[in-house]
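Labels A, B, C and D are assigned to the chains in the order they are written; within every chain, residues are numbered from 1.
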Amino acid sequence: MERKPSSRGRTLRSSKGHERREGEGVRSRLRRFSIGFGWFFLQLIVCASNLVPLDTLAQTSISAPHDVRVFDTPSDGGGSLTVQWAPSSWDGPDARYQVLAGDAAVTDPAALTIIAEFPANSKYVKDAKTAWWTRNVDKTWHQVLVRSAKGFEVKDGTSYAVAVATVQGDQRVFSPVLVASPSPDWFNWNQLNNLIIALSFGGLVFYSISYAKRHEIFLRRIPGLDAVDEAIGRATELGKPILYLTGAHDLHDPSTIAAAVILGKVAKRAALYETELLVPHREPITMAVCQEITKQAYLEAGKPDLFKEDANFFITADQFSYTAAVDGIMLRKKPAANFFMGAYFAESLLLTETGASTGAIQIAGTDSDHQLPFFVTTCDYTLIGEELYAASAYLSKEPVQIGTLLGQDIGKVVVLSAIGIGIVLATVGAVTGEQWPQLFLDLFRDLK
Amino acid sequence: MSFSERMLKIDRRIIFLMIGLCTLLPLLYPVGLPIKISSEVRGVYDHIESLPERSVFLLSIDFDPASKPELYPQAIALLRHAFRKHLRVVTMTLWVSGTGMADQLVTQVAKEMGKEYGTDYAFLGWSPGGQAVIINMGQDLYSAFPSDYSGKSTKDLPVLDGVRSLKDVGYMVSLGAGRPGVEEWYVFGKDKYKFELGGGCTGVMAPGLYPLLRSGQINGLIGGLRGAAEYENLIGQKGKAVAGMDAQSATHLAIIALVIMCNLFYFSLRQQRG
Amino acid sequence: MIFLRRQLPLLITLVTGLLFAAQYYVPHPASEQMLTSATKWLQIVGGFALILGVTSLFHQHAVKIRRQEAGWGYSLVLYVGMLGTIAVGLWTNGKESVEGTMTAFGWVYNYMMVPLQGTMFAILAFFIASAAYRSFRAKSREAAVLLVAAVIVMMGRVPLGEYLIPLSGDVSSWILNVLNSSVRRAILIGVSLGAVALSFKIIFGVERSYLGGGKE
Amino acid sequence: MTALPFESIIGAWVATGLTLLIFSFLYKDNPLFKLAEHLYVGVSVGYVIVKTYDTVIIHLVVKPIVENGEIALLIPVAIGMLMLTRYVPKAAWMSRYAFAFIVGMGAGLAIPRTVSSFILKQVEDTIRPLLSMAGSDGVTFSMNLLNPASHLNAIIILLGVSSVLFYFFFSIEHSGVGKAVARTGILFLMISFGAGFGYTVMARMSLLIGRLTDLIEFSDASYGRPTVWLSLLTVGALFLLARRGREQPPDIH
């Protein structure tokens, strides 16, 4: 037995109602996001009072799905409608729901195409990954998207009639037919948290850069840098040269820039102590820049006459030929201190092993994390990852570098506090079964 | 010069010889020790098992000959599994110097399994740009690869029926030796286009991909030759990876012995010097 | 001129950067269409960048040959290898195989490039072994922890190790899945913050080293 | 067994020879290795050029323009050309437009995607409840170390993530409690590097195994045993080179 749907007038009214809701969407969502917690808490209480216990699996006779809503899927590229309806007391594996759609002119739901059919205890709002600021109904409601499929095309700007039916055995009960039309949107509200995080972090970085331009900023001591002086001192005592490598990349890589900055400091010390400096290169432009840096360092140390053009020299760009040549230098000249700064690849081990066998103090600094294990085991000190940048910022005193570092530090504090607060709230949520911790947790979820 | 000191200074070519023998002998006289299956590798296997026939399986062969010993066996095992499950196999590469290898690999396994080019599988070849290729495939596959490796129009390939972009791919595995590799496929691919992603990688890369595995951003990870050996075991068709496991065992134990000896001599030397 | 040479490039970076960052949040088909076209362009430009990357070698070795510097013979070998490969490649339309049979280009690839590149990295196995013996010392508590973890993972990842010490497999899997994951996650978050900061600095022209020194 | 095709046999000899030339580096850096290394660079550059020409010029640009009239593709070609002005000193500044486009677009694409893939996703997965309600048992805390998702492991991951993140703070001095946290961070870092070390050893050994497997295959009689003959030849050549080297004074640089 099939029951005929209710009047068409109501259908139109409800679809108009949705249009209004959509028009308001932008402002209301923003307001919701900003007013946030208090508002939502109220909403939750209201929703909770409507909650129907799911575990009452009753064999009562079925009825038409109630509170059905059909509207253009928000935050999408068009071509899709969202259908939502309230859960019922008889939602269970025995009953099924059908979602039907067709031309807007159709008024008889039985004449519509069946788009989806599924057990009545599936397809909930909570299955779709959404955040509270985009959710307009409770998580326990049903939700289905109507999209183009074989034999049924959903076009933007065209109106479609949609109905939901409850099926049990050969009984089928229809909801009223509703009309809505899909359209593409200009903003994906689910990603609002992503946008806010990106923008505020970007703003933070620029703010901290400008702050660093105006204020002195404390940077912690980096133990590897202290070791630099010690190593140069020892080379001077032994009367042996210092070897400094700037890595495999060119100056486009921040790690090479950091290596060049640290070279300035090493060269200055070497000039003061009058110790020979050897800087073999793999890249001609880096060599030219490092030559300038070295010259400047000797000038600052007041020993321009000691500066030698050929302290920086180019060997070859080929990875292993370069390595073999540098190993040769290590074996012949037996430098007392070896520095490996910048980006390194498989050659790192060949270099540091030879260096270790000559008994040199070795100090490395790299962000090539795949090579870090080898540097740590074969060198005396290693600047790990970001420590290399920090060392360079510390030495160069450049506000852009220091400010960026500060900005990133604050970013890390935010991440850490989010994790800390999040874990406490998640645990509270898990133990008490409350929903409100989700208000915070959703802010740090990747939603689409 | 004390004993320890002399021992530490031995010619390294002796050690080279030792490692050479540790590799060579087990290869010539294999033992065949059992291999345990890890949950990381099982993740990829189980997902392919769960796919219905004729689902689209995209395999991106993102490595070059330098990583061939590790990733080639992985690719062979994955392709055999996919062909056996009668999936529609689409292959490609983001690494220019891997193109010839990928072509040879796909052709060889397809021939072995009796599959036909165009209807059962396709090789799209290489395209430059790394991340740009991934995004473009996510937007429109035919824009990123207007023609396949042999120059045929991709729109005419029956194997790509109903596939418009990465969104229509049932499962995608990237076998990456670096950049672009598994991470890029997540960031520029799965993040937006929401296909299921699995990863295979060299041993050097593997530890860095574990956070993505834990967070479910990739649903499985085949790490290095060992991972390939596990996969070969899972599909019950042993190949080069299983054959290499004995040599792998021998060399690992040799390295461990060397590290221990190094530290013994080092500490005895330190004690002597006070 | 200064505008054309200095400000316009920065303006281009600013506009493209903001446009494509914003695109992510806009699902409208117009924005998707823009992304499709632009990534296609990026693909093609990527090809040119690749050529740019390898051609610096031409120059370097050509100079060596012209000046007959020490080892110029090797540079000649490089040139012969390159020109030979290009000639063969163009002759076979850049295909390693046609209908499953290997072409001459495929032969160069399979029997020259594959073994050369493969072996280049295989020699590292020997150097790891020698370094293991000569320099992987537990100089500090940190290095000791590293070595112990390394030994466990080396044991646990091979059948013989698992056979000798059955626990090693589970322990190494725990180290990789839990301890290692947590560290790599922290590094990943830190590096990502750095990458986002760098991207912002590039877009707003604070970081401009990518434009290259060059003459103004 | 059918005889192998001629080109495979020649190929096996060439491949074996080149493999051995590279392996000769283990003895020491020598002209044979340098020869092979330069040949490698030459061949791979040639390969990249051919592939790029075929893929980009022919398949991505010329064909679509000729066959479908996609004139818009001339824009990226123009950008690419601008990039090549690097080689013309006077016009080199024009290459900046190309780099500005690529780098700007790269930066723009990266920001939102990095935030979602590596910051949000990783933070989201770290935030896990440390207790759970399991049916009738009430509040439970799982201690199973082998299950990465257990509560105990969630705490360990939390500890690792926060101490390592703290270690990379640069605007706070590591003293007092901070020192203890930073030290924990270092220990976590070292364990992870240890895992990386173990895995890298595994990877390098696998590469060697792969090469030796090929050499064993090529020592087969059907190829004419190139491995055996060429090994002898390489050793002989190295010996000769070593003798010649001893007669000459060692080079300085």
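The rule is simple: contacts are C-beta pairs under 8 Å (C-beta built on N, C-alpha and C of every residue); 3 or more make two chains touch, one makes a residue touch a chain.
These numbers come from a predicted model, not from an experiment.
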Label of the chain whose CA centroid is most distant from the centroid of subunit D: A
Between B-C and A-C, the pair with more C-beta contacts: B-C
Approximate Å spacing (C-alpha centroids) for the pair subunit A, subunit C: 22
Distance from the mean Cα position of subunit C to that of subunit B, given in whole angstrom: 16
Inter-centroid spacing, subunit D versus subunit C (mean Cα positions, whole Å): 6
Rounded Å distance, subunit A centre to subunit B centre (Cα mean): 26
For subunit C, residues that touch 2 or more chains besides their own: 21, 24-25, 32, 40, 42-45, 47, 49-50, 57, 95, 105, 109-110, 113-115, 117-118, 120-122, 124-126, 128, 130, 132, 134-137, 142-143, 146-147, 150-151, 154, 157-158, 173, 176-177, 180-181, 184-185, 187-191, 193, 196, 198, 200, 210
Residues of subunit A touching at least two other chains: 191, 194-195, 198, 201-202, 320, 357, 369-370, 373-374, 376-377, 385-386, 412, 415, 446
Multi-chain contact sites of subunit B, meaning residues that touch two or more partners: 16, 19-20, 23, 66-69, 96-97, 99, 127-128, 135, 191-192, 204, 206-208, 211, 214, 226, 248, 251-252, 255
Arrangement of touching chains [line / ring / star / complete / other]: complete
Complex interface listing, subunit B residues touching subunit D: 13, 16, 19-20, 23-24, 27-28, 66-70, 72, 96-97, 99, 125-128, 131, 135, 146-147, 151, 186-188, 191-192, 202-204, 206-208, 211, 214-217, 223-226, 240, 243-244, 247-248, 251-252, 255
Footprint of subunit D on subunit A - complex, ascending: 191, 193-195, 197-198, 201-202, 217-221, 318, 320-321, 324-325, 327-328, 369-370, 372-374, 376-377, 384-387, 390, 393, 405-406, 409, 412-413, 415-416, 418-420, 422-423, 426-427, 429-431, 433, 441, 444-446
Of subunit D, residues touching subunit B in the complex: 26-27, 44, 47-48, 51-52, 55-56, 59-60, 63-64, 106, 109, 113-114, 116-118, 121-122, 124-125, 148, 157, 192, 195-196, 199-203, 205-213, 216
Subunit A - residues contacting subunit B, complex: 357, 369-370, 446, 448
Residues on subunit C engaged by subunit A in the complex (per definition of touch): 21, 24-29, 32, 57, 60, 120-121, 124, 127-128, 130-131, 134-137, 139, 142-143, 146-147, 150, 187, 189-191, 193-194, 196-198, 200-201, 204, 206-207, 209-210, 213
